[in-house]
Every structure is written in structure tokens, then in C-alpha cells.
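You will see chain A twice below: alongside chain B first, and alongside chain C after that.
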Partner chain A sequence: MTRAADALLLVALSATILLALLAGGPALTAADAARVLRGEGTEEAAVVVFHLRLPRLLLALAVGAALAMAGAALQSLLANPLADPFLLGISGGGAASATMAFAFLPMASLGLVPAAAIAGSAVATALVWWMASGPLGPSPTRMILAGVAVNAAASAVILVVLAATPSPRLPGALAVTMGSFAGATPGAVLWLLPYLVPPVAVLFHYGRDLGLLATGEESAATLGVDVGVVRRRVFLAAAALSGGAVAFAGIIGFVGLITPHLCRLVWGHSLRRLLPRAALAGALLCAAGDHLARVLLAPTEIPVGVITAALGVPFFVALLRRSA
Partner chain B sequence: MALAPDVTEIVFALSAADRLVAVAETADYPAAASRLPRVDSTSVEAILAHHPDLVLATTAGNDPRTVSLLSSLGIRTCTVDPSSLERIAEGFRLIAEVLGIPDRGGELADSFRRRVQAASSRVRALTPKGGLYIVWWEPLIVAGPGTFHHDLLAAAGIVNLAPGGAGRYPRLNPELLLDHRLEVVVVPDDEDSRTGFARVAAAPVGRRLTSGQVALLWLPADPASRPGPRVADALEELVEKRLAGELALARPLNQGFVPRLSTPGASVP
Partner chain C sequence: MTLLAARDATGGYRGAFSVREISLEADAGRCLAVIGPNGAGKSTLLRVLAGILPISAGTVLLAGRPLERWRRREVARQVTLVPQSVSFAFPLPVQEVVAQGRAPHLGPWRPPTARDHAAVQRAMAAVGLEEKAHVSVFHLSGGERQRVILARALAAEPRILLLDEPAAALDLLHQETLAWAVRQRLKEGVGVVVVAHDLNLALALADEVLVLQQGRVVARGEPGAVISPELLREVFKVEAEFIPRPDGSCVILPPLR
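So, the complex of A and B:
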């Protein structure tokens, strides 16, 4: 069953990648794009495929993987099925800071929006950790409550900023809060790597400990897990993954929440088995969502979060009902 | 009281500025408008503080809840809906009527319509070109059908490539900037647009814009963005630039215009 699911996941991912490169926009027919992939296309067509569609696809894959792994880690770390980068305020902090930068920075400095998002996510992460820390260290419940508070504050900041945004910039500022891969450049994908590779290494390193933590703090401690260290490092790793994702793609909901649950229903609870599958499934959800966001009303783009939710939620409900 | 800069311009054009007790904070044309008391058009209390007996608003920028709250408080309100060139002209007539000067409204509307027709007849013989009116470069947001910008393009002989049914100002796939159907891009000329263009022009997606395959027509930002009497100025300038571009083109740069505008997923032939 799980081997078949593995194969299905890889086939779906490969098909989505091919489809995104072949039929990703209005400037090129699928036949022209196929010629480019065979190394025969015109220079102009190659620009479309390699400079527009490929970075966009890579960004969607990377962000989807990052969000899904962050969600899987946070759900295990906090032993809470609702935990994800949004519930904990990390994405909200990044989005608030990015919206502020977009609304008020001089146009020439708009390249700094991702940096502002990273800084906002870092501040939100530090705030959640500080608010949740008591004499006995941060407990999962306190972390979630602190995250909810930070998230509410971030939403309030976004609303205030949008209200004060000069009207010519309003559509663009709104777009920042909606999430999109349209602004992907090869540079953005490279910039995302530091927020992707080390945190993933941390999550894999603590995979076993996280699995034990999900069964309860005390039992994990009796089995030799240094709960404080694991909690701090895994939380930071998940925050870096979420911050990187929101910096380069804005807020894309449901991927971090639903993908890990979906994968657990198919592959079970072992974090070492779950993390790579969650990464691939998150990548698939974002890449497929972005493809549909581009082609459903082409050349109009639909916010990708709408598509990821529309794809993920019914699938999740069906699996949940079947396994109940 | 006028709650938007374009409505303020209409009142001035009707020579009824003496009726204005306050204008929106963003109203800066004509220069005399800047000297009038300012009001935060989102604050009902600030509006009431000026004791207006008539509030003029627009669907293109004012919150309808503010206007309906003012109505429920017994203040006379009038909202124009400038979603096409004809509706802009209709707005002149409507505002003049509530101000009690219907003749002036009729004259202003007729003069506006005449100018639109005259400008549009100058490009009637030209082959229509596919184009976009750019509202924002990154993300790519354009004016779609159901906006006066759409009419502005049509009156200048430009077929809007923005699809219908996706909102008045849809966000488009930036790949459209590399589409061979795109021959003209119209942009309001302000600092944000210039800087945004510079960023797009430096990226691969801006190749057709910088190679001369797409004519880039900059319009003065306020006349082109505010649906008031100066839209006629913007149209006349757009037509001038379109004609100048035709003269400059010794040979066609594109393979011809293919009007497959509203087909989802339409591709290049």
C-alpha cells in the first residue's frame, strides 16, 4: 500500500513538473515548450521556459516542501494536530512585515520585501518563544496560545497597513498577503536555500526524538530525549522554513496544516518516513496549485492559496472519513 | 463636499467650486482645490464636522458604507459610477443636476463626448493593436473590461488583452508580457510606474518591452487615473502617441494581431 502510494506520489509530481513547464502560461504553446525541452526551441521560447516557468516551478516545489515539513514538525513538537506555521504566528509576522515594506518603502527598495518578511518572521518567532517561556520553560499549550496572540497582532498590523497604503500601491500590497509564485526568479530560489537546507537537516536529525515527543513530553524524557533542546532547535528550524516560504511566496494557507495529516493517513506517524513524503506531497500541492492558478482563468491568475485549499481540503476530508 | 479628487475636478469644471466646503485629502487639482479644507473621506465624523448638505462620492474609491451611513443620517448624497467613458460623461450630468445647474452638466458632458469621438475618429483607419493598461508591474495588475481604462484603450484603437470575468483590475500571468499578441502597453507616468518598469525591463520577462517589439506609451498619471474631465486630455495624448508610433514604424514588428481575447488559456498561433 505504502509502496504504491510512494509510486503514485512520484508519478503525480513528475507529471505536474512536466505540465507546469509545457503549459504554464499564455506566451508559448505546449508544442513550442516541448521543442525547448528537447533543446530545439527558439531563444525567445527558451527564455519563457527557463527564466519564467522553471524558477516559478522550483519556488513552488521548495515552498510547498518547506511548509509541509514545518507543519509536520510543529504538529509533532507540540503534540497538537492544529499546529502549523500560521497558527504559530510565524507566517503572519512575515506577511505583516512584508506588507508594511511593500506599502511604504520607496519603489527602488522593493527588492528588500523578502528581507523584511524574514525579519518579521524572526520577530514573531522570538515573541512566541518569549511569551510562552515560563519558569518551567515553554509548554506546547503556551506556545500555541502565544502563536494565536502573535497571529492576531500580525493580522491587525496587516489591516492597519492596508488601510494606510497609498491607493496606487493597494492592489500590489493586497497581492502580497494573498500568496503567489509569480515573482519567482532564479535569485529567489537561491536565496531560499539557506532557509531550506539547514532546517531540513535539523528536522531529520531530530526525527526520532520528535516522534517520541508526539506521544507525550514525559514519556519522551524518560526515553532519553532532551525535551528543551529538541523543542528549541526544531521550533527554530520550522520557523526558518516558514519564514523563507512567506518571504518569497507570501501567505499560502493549508499546505502546512493539511499535507502532514494527509501523509500520516497514508504512511503512518514515523517522522523519518513522514518528513520526506510530506515534503514531496507539499511540493506537489503547491506546484499543482500554481499550475491551476495560472491556467484556470488564463491569463488571469487566481491566488494560489485558494487553489491549494480547494485541492487539499476535499482530499483530506475524503481520507479522514475513510480512515474514521 | 466632494469625497474624491475626480469628483472635485468635476465640480470645478462645472464652475461650482464655491459650493465646496471641503474636499478629499488627495484632491490636488486644480490648484485651487488644494486650498480648500481637507476631510478624511473614510471618517463619517470628520465629514459631519463640516456640516455638508450634499456629499458627492464615486464608486471608484469611496466606501459605499460611508455613503449609505451619511444617507441614513439625513444627508443628501450622490455617487457617480465612472466605469466607462460614457458613464464618466453621465456623472458630469448627474452631479450638475444635484447641484442645480443641469445646463452646465449637459454642456460639459457633450463637450467630453465630442472630444472622445474626435480623438477616436483619428485612429479609426489604423489596424487595431493588442495592448494592456498597466496598473502595477510586479505583480502584473492591469485594467480589465468594465473600467474606463478599457474604453480609453478601445477609443485609441487598442484591443485590451485583459480578459473579462476576472474583476475590473485582474492580476495576470507576467508571461503575457512576452505574448506576441501584445503590441502596445499604456502606463500612467509616475515614479512608482517608472521604477516598476525599470525592474521589469531588467528581467527576462521585459525582453519584448525593451526590444521595441512593444510600444510603451506613458500617459500623465493623474488625467489617466482619475475619471474626471481630464480623461479626455489623456485620451487625446494617447491618440497622439499612437499616431506618432504608427508614423515611426517603417515596418511591422509583429506577425499581426490575433484577436483571441477571452479564450482561457489562449496560446500563440
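So, the complex of A and C:
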């Protein structure tokens, strides 16, 4: 069953990648794009495929993978099925900071928006950690509560900033809150790598410990987990993944929450098994979501978060009902 | 041979639930029962012995070396605590939970070997869980979950087993299974420290009893000598009935009004 699911996931992901490159929009026919992929296309067509479609696709894949892995790790770390980068305020903090940057920075400095988002996510992470800290370190329940509070504060900041944003800047600021891969450049994907590679290594290293932490902190400690160290490193890694995702694509809800659960229902709860599948499934959800966001009402783009929710939720409900 | 020893150890949660100036030895093949009224610090003591709660004065020695000089995973390879309950966030199958007991031996990367799988199967058999191997822990009763946690600890094959109220949710048959499993481990040379509200379990299993009251040791010695009507009156504030049995031991009946 899991072998078949693995194969299905890989086939679906490959098909989505091909579709996104071939049928990316009205500027180029699928036949022209196919010629580019075979190395025979015109220079203009190659620019569309390699400088517009490919970076956008790669960003969607990377962000989807990052959010899904962050969600899977946070759920186990905090022994809470509801934990995800959004609930914990990390995405909200990044988005609040990014909307402020979009609204008020001089035009020439808009390249700093991702840096602002990462700083915002870092501040939100630090705030959650500080608010949740008790005499024995931050407890999972307090972290969730602190996250909800930080998230609420971030939402309030975003609304105030949007109300005060000058109208020419409004679409950019709104895109941060609704999620979009439209701003993808080859550079953006490269910039995302430092927020992707080291955190993923951390999550894999602590995969077994995370499985133990899902049965509670004391239970994990009795089995040799250095709870304080693992909690700090994994939370930071998950925050870096989520912060990087928000910086380059804004808030994309549901991917961090639903993808890990979908994968848990199929592949079980071992993090070593779960993380790669969640990464692929998150990448698939975001890439497919982005493709549909562009083509469904073309030339108008639908916010990608709407599509990922519309795709993910019915799947999730069906699987949840079947496993009940 | 002493495996784990506390020397005037004070420690625990900061504030109300701490244990003070505790000295004890957990010896190979011997069972030490810790008894005392609610809130006496029994569970806290087990956590201090397991190195999960900090020590503020005195010391706890594992194989002669202070606990804080061991790495967490090295402690877990030798000392396993069985808590009263574990909350599961996800519907793990029983076998997967029991297999978690091998984690201290595997570290972050080593895959389980045939020896690890055998230890897991043996532990499940010891508490009668083989038929539930693939059942989700969400579908188990409280007593079955308690056996899963016990099996997980047995799978770790520790040198010292710290049991916190292991029989609290068990029916009579499984209390007997538990007592059998503990006796088997004692025969294999494992040192056992058990916190028990059930004084009859303490009388049946223990070689030595330690009585805690308000975080301090108030009595210590052979179970038959320590657990007396006077002690129960003084420490537990109850008049219990001691019914002699033909073999010279006795059964304690709590007063039920």
C-alpha cells in the first residue's frame, strides 16, 4: 500500500512539474515549450520557460516542501496535531513585517521585503519562546497558546498596515497575506536555500527523537531524548523553514497543517518515513495549486492559498472519514 | 551490587513538589518499594533518580558516577522510568510504541537489528500484548495502555527499572502478569524501584520499603517490619486491618466506611 502511494506521489509530482513548464500561461503554446525542453526552441521561448516558469515552479516546490516539513516536525515536537507554522505565529510575524516593508519602504528598497519577512518570523519565534518559557522551559501547551496570541497580534498589525497602505502598493502587500509565487526569480530560489537545507538536515537528524516527543516530553526524556536541546533546535529549524517560505511566497495556509496529516494517514507517524513524503506532497500541493491559480481564471490569478485549501481539504476530509 | 544510589539528594520541581535529603540504593536483583500518602513526593523521587528532574543538593550515582556526568541517552540505556500514563498525540500502533523502547540503544541513525526486534517481541509477550501489536493505542483501554508503556520499558532492557504506580489501571489478572514480569527481571539481575499505593503489591514484590512523607524518608527497612498498623496510622492517617495468611505474611485491608 505504501509502495503504491509512493509511486502515485512521484507520478503526480512529475506530471505537475511537466504541466507547469509546458502549460504555464498564454504567452507560449505547449508545443513551443516542449521544443524548449528538447533544446530546440526560440530564445524568447527559452526565456519564458527558464526565467519565468522554472523559477516559479521551483519556488512553489521548495515552499511547499518547507511548509509541510515544518508542520510535520512541529506537530511531533509539541505533541499536538494542530501545531503548524501558521498557528504558532511564525508565518503571521513574517507576513506582518513583510506587509509593513511593502507599504512603507522606498520603492528602491523593495528587495529588502524577504529580509523583513525573515526578521519578522524571527521576532515572532523569539516572542513565542519567551512567552511560553516557564521555570522548566517552554511547555508545548504554553507554546501553542503563545503562538495563538502572537498570530492574533500579527493579524491586527497586518490589518492596520493594509488600511494605511497607499493604493499603488496595496496589491503587493495583499499578495503577502494571500500567498503568491508571482515574485519568483532565479535569485529568490537561491536565497531560499539557506533557509531550507540546514533546517531539513536538523529535522532528519532529530527524526527519531521527534517520534518520541510526540508521546510527551517526560516520556521522551525517559527514553534518552535531551528535550531542551531538541526542542530548541527543531523549533528554530521549523521557524527558519516557515520564515523562508513567507519571505518569498507570503502566507500559504493549510499546507503546513494538512499535508503532514494526509501523509500520516497513508505512511504512518515515523518522522523518518514521514518527512520526505510530506516534503514531496507539500511540493505537489503548492506546485499544482500555483498552476491552477494561474490558469483557472486567466489572466486573473487566484491567491494560491485558496487553491491549496480547496485541493487539500476535500482529500483530507475523505481520508479522515475513511480512517475513522 | 548497587546500581543506582542517592546520597542526601534534594531535588525535583522548583517549589512545592521536591524531595529532600534522600539516601537509598537500588541493587541488582532487588526490589525497593516507595510508599507514602498522596503528595509525599514519590513520583518526584523516581524522576530525580531517572535524571529527569534536577538535583539541587547531594547526589545520585549511576554505577558510581554522578548522574549529571552521564549523557541523557547513556542514562536511558541503563535506567528506564515507567510513568503512570503517557498521552499519545497520534494513533500509533502498539508495536511502534513498544519499539520506541529501543531508541536509547539506537541513537539518531542506527537502524534496528534482529536483536532489537527480538527485544520488542519479548517485551510484548511479557505483558500479553502480542495480539494487539497492530492495534492503534487510541483503541486501547487505560489498563492496556499502561501495559504498552510497561512493555516499552521492558523492551529497553534496562539495568534499573523505575515503576510509577504500574498496577494502578490493571485488572487482577494483569496485576499478576505485572508481578510475574517484574520478578523475571529481578531474577535477571535488574534493580527495581516501584512506587506503589497498593501496599499488598509492595509487600509481595519488595525486598525493602522506603516510606516518604512530605518529601522526606520517615522509615526504611524490610517490608514486613516497616509496614505496620502504627505506620499506617501515623503516615497515612488510617486504621487498616492486617489479615494474617497461612504463609506468615499478611494482607492489608483499607478501612471502608
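Please note the rule applied: the second predicted complex is superposed on the first by the 324 of 324 C-alpha atoms of A that agree within 3 Å, B and C clash if a C-alpha of one lies under 4 Å from a C-alpha of the other, contacts with A are read in each partner's own complex, and residues count from 1 in each chain.
To be clear about the criterion, a residue touches a chain if its C-beta (ideal position, glycine included) is under 8 Å from a C-beta of that chain, and two chains touch if they have at least 3 such contacts.
Predicted, not measured: the structure shown is a model, and the values here were computed from it.
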Superposed partners chain B and chain C on chain A - clash or fit: fit
A:208 touches, of chain B and chain C: first, second, both or neither? second
First, second, both or neither for A:172, with chain B first and chain C second: first
Touched partner set for A:40, first chain B, second chain C, both or neither: neither
First, second, both or neither for A:81, with chain B first and chain C second: second
Touching partner for A:264 - first (chain B), second (chain C), both, neither: second
Residue contacts with chain A in the superposition, chain B compared against chain C: B
Contacts of A:221 with chain B and chain C, given as first, second, both or neither: second
Angle at the Cα centre of chain A, taken between the Cα centres of chain B and chain C once the superposition is applied, in steps of 10 degrees: 150
Touching partner for A:299 - first (chain B), second (chain C), both, neither: first
Minimum Cα separation, chain C to chain B, after superposition on A (Å): 41
Intersection of the chain A residues that touch chain B with those that touch chain C: none
Residues on chain B engaged by chain A in the complex (per definition of touch): 26, 42, 61, 135-136, 138-141, 161-163, 165-167, 169-180, 190-192, 195-196, 199, 203-205, 207, 225, 264-268
Residues of chain C that touch chain A when the two form their complex: 13-15, 47, 50, 52, 71-77, 80-83, 86-93, 96-97, 100-101, 103-104, 106, 108, 152-153, 156
Contact set on chain A toward chain C in their complex: 75-76, 79-81, 135-136, 205-209, 211-212, 214-216, 218-219, 221-226, 264, 268-270
Residues of chain A that touch chain B when the two form their complex: 23-30, 32, 44, 47-48, 51-53, 106-108, 110-111, 163, 167-169, 171-172, 175, 180, 182-183, 185, 294-301
